[in-house]
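Sending over a structure as structure tokens; questions will come in a sec.
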Amino acid sequence: MSEYDPNIIAFLCNWCAYAGADLAGTSRLKYPSNVKSIRIMCSGRVDPVFILEALREGADGILVAGCHPGDCHYQSGNYKTNRKIRLLWRLLRELNMDPERVRFEHISASEGQKFADVVTDFVNELKVMGPNPLKGECQ
Amino acid sequence: MPTEQYAYEMSIRETLPLMGVEIVDLPGFSCCGEPLKSINQMLTLHMSARNLSIADREGIDLLVPCPMCHLALSEAKNILDGNGEMKKRINAKLREEGLEYIGKQRLFHIIDLVHDEIGLDTIRERVKKTLPDLNMAAHYGCHILRPSEMGRPVDSENPRKMEAILLSLGVRSEDYAEKLDCCGGPLLPNHPETSLAKTGQKLHAVSEQGFDGMVLACPWCQKMFDSKQTKAAESVGSRAHVPVLYLTQLMGLAFGIDDAKLGLNLNLSPVDDLGLKGEVE
Amino acid sequence: MPVTERKLKFAFYWGASCGGCEIAVLDIDEKILDVAAAADILFWPVAVDTKYSDVEAMEDGFIDVCFFNGAIRTSEQEELAHLLRRKSGCLVAFGSCAAMGGIPGLANLANRDKIFETAYLDNPSTSNPGRTLPSKESRVKEGTLTLPEFHDRVRALHQVTDVDYFLPGCPPPTNLILEAVNAVIKGELPPKGSVIAPEKSVCEECRFEKSEKMLTEIRRIYEVEKVEDRCLLEQGIICLGPATRGGCSARCLDAYMPCTGCGGPTPNSMDQGGKMISALASILGLEGEEALPDEEIERLLDGIVDPVGTFYKYGLAAALINRRLEG
Amino acid sequence: MERIGVFVCHCGINISSMVDVESIVERVRELDGVVEAKSYKYMCSDRGAQIIKKSIEEKGIDGAVIACCSPRMHEPTFRGVAEDGGMNPFTVEIANIREQCSWAHDSRERSTEKAMKLVMSSVAKARLLEPLERGRTPVIPNALVIGGGIAGIQASLDLANEGFRVYLVEKDPSIGGRMAQLDKTFPTLDCSSCILTPKMMEVYHHPNIDLMTYSEVLSIEGSIGDYRVKVRRKPRYVDVDRCTGCGDCVTACRMRDRIPDEFNMGLSNRSAIYIQFPQAIPLEAVMDSETCLFHRFGKCGDGPLCVEACEAEAIDFEQKEEVAELNVGAIVVATGYDLLDPASLHEYGYSRSKNVITTLELERLISSSGPTKGEVRLPSSGERPRSVTMIMCVGSRDETQCSWCCRIGCMTALKQVILLRENLGEEVEINILHTDIKSFGKGYEEFYRNVRAENTNFFRGRPSEVRIRNEDIRIDIFDTITNKLFEIRTDMVVLVPAVVPRADSGEFARMMNLSRSGDGFLLEAHLKLKPMDTFVNGIFIAGCCQGPKDITDTVAQASGAASRAAGILSKKELENDPLIAVVDADLCSGCRICISLCPYSAIEPVVETMAGEEVVHAEINEVLCQGCGACVAACPSGAINQMGFKDNQILAMIGVLNDCSDAGGLK
């Protein structure tokens, strides 16, 4: 593997986080291109299996972002996501997979700056953390 | 926990055993610390915790007849049970004396002990002597009323337990507007006039409304209404003449205990007017 | 059971397993005779004295069906997996261990060295002054003794060789065994790669009353007042039933014990544990979730001791992340 | 889909300046399933649309990936284009290479690389997309309005005037609600009944309104466009067609003046058969079977006097409770509020003195139709009070009671100051004990200034206690403006109690499937942007059931709710988005995990008999489902999937973004 360049997959909810990411672009805020997003309607759609599979395939970081508490377009999806991620973290810890590779953020449609900052910060963290140990295991 | 008011203490020591409560004196008890609060809260907490931990060590519940001590200890209990960090710090200090705060002990004041634990039926059974028809003004004292969020022995807005006890002794106790008024005690050190004025106002109101006397369960209030009665009344230009005695004294009398044993002679207010003395019928 | 004109040839083998699967085979009781009538058992280490060499001597595909139970932990088991694959027309991963690693798979939370350390050195009941460890070859004066190699990781059968059918369960329930045997005898085999078990989860077969699922806390079975006929999950007990393939007629639940997941994932689920985590986290603290502070959530989650052991009791070796990572 | 077209947009230079569009076109052409790859300056333009339609026509593409701006921008556009071109609109996938790529990064090389990935992942998804149809549900053009207060009245009239049939359900014998109990309204001092009664009449006579008084909603089924509602109609024991509202029965009744009159807050007594208030609509007597002698003991003297008295022969003891079944397309909930019972706050002395009353009681005393015919008198003695003291925020803005502001207390008290002066003359002393004066509405501040100008004593602070010694009432109040302690002696105390949710709002919300906010009032979909909507489509809220508000705001919200409802009712049928969750009944084992967590209660267990055996599986109501996907993620056996966001579709994207060939491994 040449020079290590973290690969981040982002699950963004349509109403807040995805709109926030759009706003970052519209405001021409620059952030590393390492993040590639997958749009879902609500962060509540995120299934820990997606994250486990992404990690198995060697993704270095996974960003899950939804609305702020109380702002969920569907009332409560983000609360469930929060609990799912927290339980997943515990699993990852036991498997010695660094939980920091999975990040859960609340980003509103107006927080373009926050999205840019989160991505930038995440990329830097991942650079320190090094590549996902499972990288390259599945061809 | 003993108090400096003998009459109160004597009457408690006389009456409680009659109601099946064994009083144990714990060696090593100190002041509750409340008076120092304005100077050093940590010290107050330490002193209260110390007393509590002694009870913990002996594994028995505490009867705290003085509302202010009761408040100090309840507050300490609240802090220590709610704040693990503080508990650690205090226990570190207590360890020097080989003590540890655990928090098993329950705190009682006379009123809730009698009303909630012993129960009114037991009181009625114990009553040996029919007292003359009296209408006594019940005075609770701020510290057993408030702050309510800390859980006090009686309802802070509408206390009724003392009245209930009095009734089971065959004594009426009508409601009166000034019931919750302060005795003025806390102001005594730095604002004596105001303090006495408060005391006077309440005494005046009580006598004005034709009560035969006043019953209370707080040493400090007693000091104000009983010992300082004349002065207090004068300060508001009142000729108030109000017999003031402890709940436990009145209980004792109803139980037919000799008034000397109840320290009735220690009361400075005109308790004799009540015509309570005399033999059991 | 109709006997086909040509008598079938069966083989049974055990890899890293407890032997329970062997007993399960016998549990089909008198029907074993029908099986015997319908098929010759060429190879069955636990019951028949056939040497590996005899198996090697067979021509490829000579055995009709091989029921392989147990996971792959050693080089010997791996060899036999390949050998039996070659010699058998149809290879069935028999039982949870062969199908997904099973309980031996939990050893993937450690590696060979750690396991040896615990097994042969650092444990109170072992005295091993020479600190001797199993090694592939050991010289004695008579010559060299060899032992199969102990792999670093436990794998399920399909992770080692090509598997035709899966028959999960710890052990597989008798009715499913018979179903499988019947299918073979009748020659009515499902498409390759199928799991020989119903598609719905255990809940389908569970007799307990199910209603609102809102957990306020996680409880262990001994912590609950037994409420007959009420879904255990709803009582706060972690039951993997909803995430586990049925076919077992929910026998554990009949005994008032929660499902621990030996049936493996359902057809549409990639990862049994991940799915259960998703489901459980969704309903834990559901009521009043908007007011639930993170600390409180963590406190609730503390009720789940050992996530891997809970959600991957049988499936770790075949899970998406199938081991504790090094370093 | 098998035949996919990829269309990459330059967006002028917005994309092409940072992304090598052509290299993407070249690359994706190689991907299997891709039969067409084109780029154009502006894909969203008519020309662009033509290009796409042409490919549908000539290359017969059945799926499309548009690499352009955010789907939040043009997804609807391109779905439309596809539909026009004769392709299923839901097999279109957008790759966002502008907002989330070309605009966000400054290396052309890296942007191109990322854009490539994004497009390829979209292609991977598009391969697995399926054509979907929009569901349609017909709309029943009837509305149900629950609650006959000013909110319900306003909503009903608006809807009825739009030409929809309206069922107005009111639990009391008459409509009018709280407003009918008021004498005058702030800040205009309009006579309440003078402005309310005409509206009540209008409701009564409106051809489109079915007025159902003395009735309660029992149950509700169905969903937006088609609700089925059961309404209990309590027996009046009076034949409404015959009753003329003359009131002879009322005067005749043996229980006359012996039953506390709820409408007058118990300050006067009524008969067992009564007319709620003089302006009641419908103006018909109602018999209260709880207190009617004949109902209770089966005999009333030597025959019920009401029967004798009624010339219209309207009395009918045989009447039975009826249950009406309504079918409506939308519902407006306007169930109003309660006032906190001050008895629960001992310190205010409400239970200790007759002369401590509430604003609503004072309102009745002032009202000319009230118990004292409009003369304000002390309830204890019937004398004129010389001094009246109003205590604001009784239970309001109080952590231990109701943390919220009642929003009507200040203005009510100020209004009553004026009314008291009219009633008792200038000499009456009036004290106002307030926390703050909140005069936020139009004309309120001016009103406040006028009252302030008159000699009224304002104290800023909360009294610790109202002391009562028989007739004599005293209040200690520490005024936080002058920092002085005052003792007020007064004849009458008027408490301004907190506005609280209806006592039964809990079970009501449960029955209607509505959520409540922490304070117990009904929860709106969005406090600012959807204040009349609820989380149940087709059910709207108006007035104080959603939170305290004055008449002005209530009427505004009621009209708002009505027009939101009209928006639905005016449609023949509703189209619903097919991007929703769907249960695979063959895989669902009926574990019910999904059911509890759906915020829209869109999932229900259905029992089917298969081979003589009862099997339960979940079923999702495609109208109620909003497509969040929470149940999909939570379904432990993968039996639920979300159209357009299926597991395998998302997993395929993940795989591409990880350059992983053995990805998406759903075995």
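First chain written, first letter: the chains are A, B, C and D, and each begins at residue 1.
As a convention for this text, a contact is a pair of C-beta atoms (placed from the backbone, for glycine too) under 8 Å apart; a residue touches a chain by one contact, two chains touch by 3 or more.
Note that the structure is a prediction, hence the values are computed from the model and not measured.
Asker: Go through the assembly and pull out the chains touching chain B as well as chain D.
Answerer: none
Asker: On a CA-centroid basis, which chain has its centre farthest from chain A's?
Answerer: Relative to chain A, the chain with the farthest C-alpha centre is B.
Asker: Of all chain pairs, which one counts the most C-beta contacts?
Answerer: A-D
Asker: Just curious, how far off is chain C from chain B if you go by their C-alpha centres, in Å?
Answerer: Chain centres of chain B and chain C, defined by C-alpha means, are spaced 71 Å apart.
Asker: Counting only Cα atoms for the centres, state how far chain A is from chain D in Å.
Answerer: That gives a centre separation of 36 Å.
Asker: So, what's the distance in Å between the C-alpha centres of chain C and chain A?
Answerer: 33
Asker: Could you tell me the distance, in whole angstrom, between the mean C-alpha positions of chain A and chain B?
Answerer: Comparing mean C-alpha positions, chain B is 63 Å from chain A.
Asker: Provide the list of chain C residues touching at least two other chains, using ranges where the numbers run on.
Answerer: As it turns out, chain C has residues touching two or more other chains at 269-270, 275, 278, 282, 286.
Asker: Among the residues of chain A, which ones contact at least 2 other chains?
Answerer: 47, 49, 53, 76, 80, 84
Asker: Multi-chain contacts in chain B: which residues touch at least two other chains?
Answerer: Chain B, residues with two or more chain partners: not present.
Asker: If each protein chain is taken as a node and each touching pair as an edge, is the resulting graph a line, ring, star, complete or other?
Answerer: Graph shape, chains as nodes and touching pairs as edges: none of the named types, so other.
Asker: Where do chains touch, given as pairs?
Answerer: Pairs satisfying the touch definition: A-C, A-D, B-D, C-D.
Asker: For chain D, which residues count as touching chain C in their complex?
Answerer: Those in contact with chain C are residues 518, 584, 586-593, 595-597, 615-616, 630, 633-639, 641, 647, 651, 665-667.
Asker: What residues of chain A sit close enough to touch chain D in their complex?
Answerer: It comes out as residues 7, 9, 14, 18-19, 21-26, 28-33, 36-42, 44-47, 49-50, 53-54, 57-59, 73-77, 80, 84, 116, 138-139.
Asker: Residues of chain D touching chain B in their complex?
Answerer: For this pair, the touching residues of chain D are 345-347, 352, 465, 467-469, 474.
Asker: Write out the stretch or stretches of chain A touching chain C in their complex.
Answerer: Against chain C, chain A makes touches at 47-49, 52-53, 55-56, 69-70, 76, 79-80, 82-84, 86-88, 90-92, 94-97, 133-134.
Asker: For the complex, give me every residue of chain C touching chain A.
Answerer: Touching chain A from chain C are residues 109, 269-271, 273-275, 277-278, 280-282, 284-286, 289-290, 292, 294, 297-298, 301, 304, 306-308, 311, 319-321, 323-327.
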